[in-house]
Amino acid sequence: MNEWLYIGLFFIVGLIIPVGAIGMAWMMGPKKSNPIKMTTYECGIETVGDSWVQFKAQYYIFALVFLVFDVETVFLFPWAVRLGQQGLFAVLEGIVFISILIAGLVYTWRKGMLEWA
Amino acid sequence: MTASQIIFLLVAIVTLGSALMVVASRNLVHAALWLVSTLFGVAIIYALLNAGFLAVVQVVVYIGAIATLFIFAVMLTRRDQLEGGVQLNSGWWLGALIAVLTFGGLFGMFQSWSGFSKTATDIPSGFDAVGQLGSALTSPVGFVLPFEVASVLLLAALVGAVYIAFNRK
Amino acid sequence: MIPLSWYLILSAALFCIGLFGVLARKNAIIILLGVELMLNAVNVNLVAFWRYGDISLMAGQVFAIIVFAVAAAEVAVGLALVISVYRRRNTIIANEIDLLKW
Amino acid sequence: MNFWNDPLKIAADWLVSILTGWGMPAVAAGVLVAFLGTLLFISLLMVLDIFLVWLERKVVARFQDRLGPNRVGPFGLIQPFADIIKLMIKEDTTPAGADRVVYNIAPMLSMMSVLILWAIVPLAPVIFGVDLNVGLLYIVAAGAISTLSIIMAGWSSNNKFATIGAFRQVAVMVSFEIPMVAMLLIPTIFARTMGMNGIVQAQNIWYVILSPLGALIFLIAAIAELGRAPFDMAEGESELVSGYNIEYSGMKFGMFYAGELLHALTFGGFLAILFFGGYRFFGLEKVSPFLAVIILLGKALIGYWVIMWVKYTMMRIRIDHMLAFNWKFLTPLSFVLLMVTALMNALLRETSGWLYPISMFLSNVLVAWIALEIARSHSRRERAKVTGVKAVEVAPH
């Protein structure tokens, strides 16, 4: 528990410092707000429509492949820590594991889903 | 009341409050951000349970990947779908009733169980949870099959999701 | 020290909030978020039982990690379904997705 | 044991003894001292960060054949303080239609995600915040928070450019996280631990010798993770008018900017720790912990300089090329390298002498060579496709 307490302290202090800096800037800065000043910046012209533009489906694909590989690496970290003890069996196990997921990447690639268009 | 109990209570309040906000928010991005807050609370709970590996994994997988995926999926739909109108379906009171009854039932069940207010034993010094987990996942007498099946499951999910969402025929 | 009961009650409450979200909300994405809450509640239970039982048995943690994988798979396919339905029917309201009703 | 051998512990014990002498319970005194130590450490980091602003401007000026800040103070050293005063007295703005709460939390989270990384950095054998046994995954977790802060900043600004910029940046960051995490597994395999201090202690041979390709991939992925050129979607002035932080000004922008610089130094430090022996340098670290800190900071600054060198030399890559490079080249390559490393490590672990490092090095070189050949033949085909297409001439003859 003790070491997580330190991590918690780092989170707290890591928040206090930026909050303090921004808070101080907020106190020291002028407050002369007006509607024109607060308009959205769009290179000098009036904004048109909603900022919620239609996004490409590709973003979802990249996040999806990332999710799958991210979960995979979570399995691989304990595997890597104990790789020395179990010998070749564990290595082959890991290679099978990675290969199965590489197959998924190859499938996505072959379906043309990794193209940005 | 000890310090760890106070920490637990604070975290539990934040976690449950954020969870309520997840199911109550009208704005989908806010719901996803409240989910992040809930999951972070659960990560602290794992740290309190001395499961440091799972606490970090919780942040990596849920906040790093799943929340990002949710927000990307929300952005793929249009805003006009997400706001306004009735958010609850017609049988929402039934849902609320079932949820409350489930909680009551679980609570009653727990109380009749003898191990309910068990306290934890101390972790022996030098206990290497990550190493133990690695051994469990890789040794032939451990969980090798679930380890490999997880990879097949992820493969199936990837192939399925790509096929369902983006079959261009 | 914190008794086991606190964790169990927290997890039960989290589970029920998720259940309410799944049963009562119309929006398909919120329903998926509710399922995530329920899976997390299950995970809290698994880890708590690992900690309060024999900690040299890693089954609780291994199970929790498998649940992570299952949650990831569920989100991936669930959101893909939502997006697919949205593209065809232009809605993400679960009640309006009723093609198979008849 | 005296102060010069273990300064942190001696200082902490001394403070705790004073506080308990005033009648404070031992636990509370311990927590208070830890809190003050953390506060001091993070304040020192912020001072270092201010120095980095000056360093970055000086170095970029030199790369571009300019002088850089040189008016305020000797060598312009006071310049960053002038910058801070300017940031402090600027108006705190929130654009119309922005999601006020999320908009204001985002820069704080961005800075925090960098500061918390230092909790696990072993500065010397006895000077470190925490020797977490899941240290490497903790780096990835902090990266997740940083990703989240970018999404929050971009989405809440209510600006098309900010939203698009944030989503591109996040797509790049999550994509390059995969090779980075795979390369974090390589020191784990060698050292059989995820703890940063354990990895440094295990490096009798620098891991860059055992896995030069791993170090290179880690550097590339780290640069992308930092969002610096050539992967700097956030700075895409011409197409995105600076991406997710477009609507931020004053101190809130300062947080993003300072966070980016400190993040770069931090990853220079991680490169040093994981592949270049951390605070170890021919036994010098045993002389004094203070010397070890200087060694680590020196190595981190060299890593930071390399990152700057790349930034100010390369041009920005187009987003589709960036992602294709990652998913079609870097990710398969890093996983192949991981498998080769695991296999070679299991086969040769027990061999003595120079056979193990030499064969590890050669296997890396072989993998790199094969990958480059494949990439070369691919680019030849790509070029062949383009040469057939004639550009439309402005002034036809």
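Note that the chains take the letters A, B, C and D in the order they are written out, and that residue 1 is the start of every chain.
Note that a residue touches a chain if its C-beta (ideal position, glycine included) is under 8 Å from a C-beta of that chain, and two chains touch if they have at least 3 such contacts.
Because the structure is a prediction, the values reported are computed rather than measured.
J.: What chain lies closest to the overall centre, CA atoms only?
T.: A
J.: For chain A and chain C, what's the span in angstrom between their mean Cα positions?
T.: Each chain reduced to its C-alpha mean, chain A and chain C end up 21 Å apart.
J.: Quick one: report the Å distance separating chain B from chain C, using the average Cα coordinate of each chain.
T.: So the centroids are 6 Å from each other.
J.: Suppose each chain is reduced to the average of its Cα coordinates; what separation in Å results between chain B and chain D?
T.: Inter-chain centre distance comes to 29 Å.
J.: Averaging over Cα atoms per chain, report the distance between chain C and chain D in Å.
T.: Their C-alpha centroids are separated by 33 Å.
J.: Of all residues in chain B, which are in touch with two or more distinct other chains?
T.: Only 4, 48, 50, 52-53, 57, 60-61, 64-66, 68-69, 72-73, 75-76, 129-130, 133, 135-137, 150, 154, 157-158, 161-162, 165 qualify.
J.: Identify all positions of chain C at which a residue touches two or more other chains, and write them in rising order.
T.: 65, 68-69, 72, 75-76, 79-80, 83
J.: Multi-chain contacts only, two chains or more: what residues does chain D have there?
T.: Answer for chain D, listing residues that touch two or more other chains: 132, 134, 137-138, 140, 163, 167, 174, 177, 194.
J.: What are the touching chain pairs in this one?
T.: Listed in label order, the chain pairs in contact are A-B, A-C, A-D, B-C, B-D.
J.: Flag every residue of chain A that touches chain B in the complex, lowest number first.
T.: By the definition above, chain A touches chain B via 1, 3-4, 7-8, 50, 52, 54-55, 57, 59-61, 63-68, 70-72, 74-75, 77-83, 85-86, 89-90, 93-94, 96-97, 100-101, 103-104, 107-108, 111-113.
J.: Please name which positions on chain C make contact with chain B in the complex.
T.: Going by the criterion above, the answer is residues 1-10, 12-27, 29-30, 32-34, 36-37, 40, 43-44, 47-48, 50-52, 55-56, 58-59, 61-62, 64-66, 68-77, 79-84, 86-87, 90-95.
J.: Over in the complex, which chain B residues touch chain D? Could you list them?
T.: Interface residues on the chain B side: 3, 29-30, 33, 36, 52-53, 56-57, 59-60, 63-65, 67-68, 71-72, 75, 128-130.
J.: Touching residues of chain B toward chain A in the complex: what are they?
T.: Residues of chain B touching chain A: 4, 44, 47-48, 50, 52-53, 55, 57, 60-61, 64-66, 68-69, 72-73, 75-76, 78-79, 130-131, 133-140, 144, 147-148, 150-152, 154-155, 157-159, 161-163, 165-166, 168.
J.: Please name which positions on chain D make contact with chain A in the complex.
T.: Of all residues in chain D, those touching chain A are 31, 34-35, 38-39, 42-43, 46, 87-97, 104, 107-108, 111-112, 115-116, 118-119, 129-132, 134, 136-138, 140, 157-164, 167, 171, 174-175, 177-178, 181-182, 185, 188-189, 192-194, 241, 246-247, 250-252, 254-255, 319-320, 323-324, 327-328, 331-332, 335, 338-339, 342-343, 345-347, 349.
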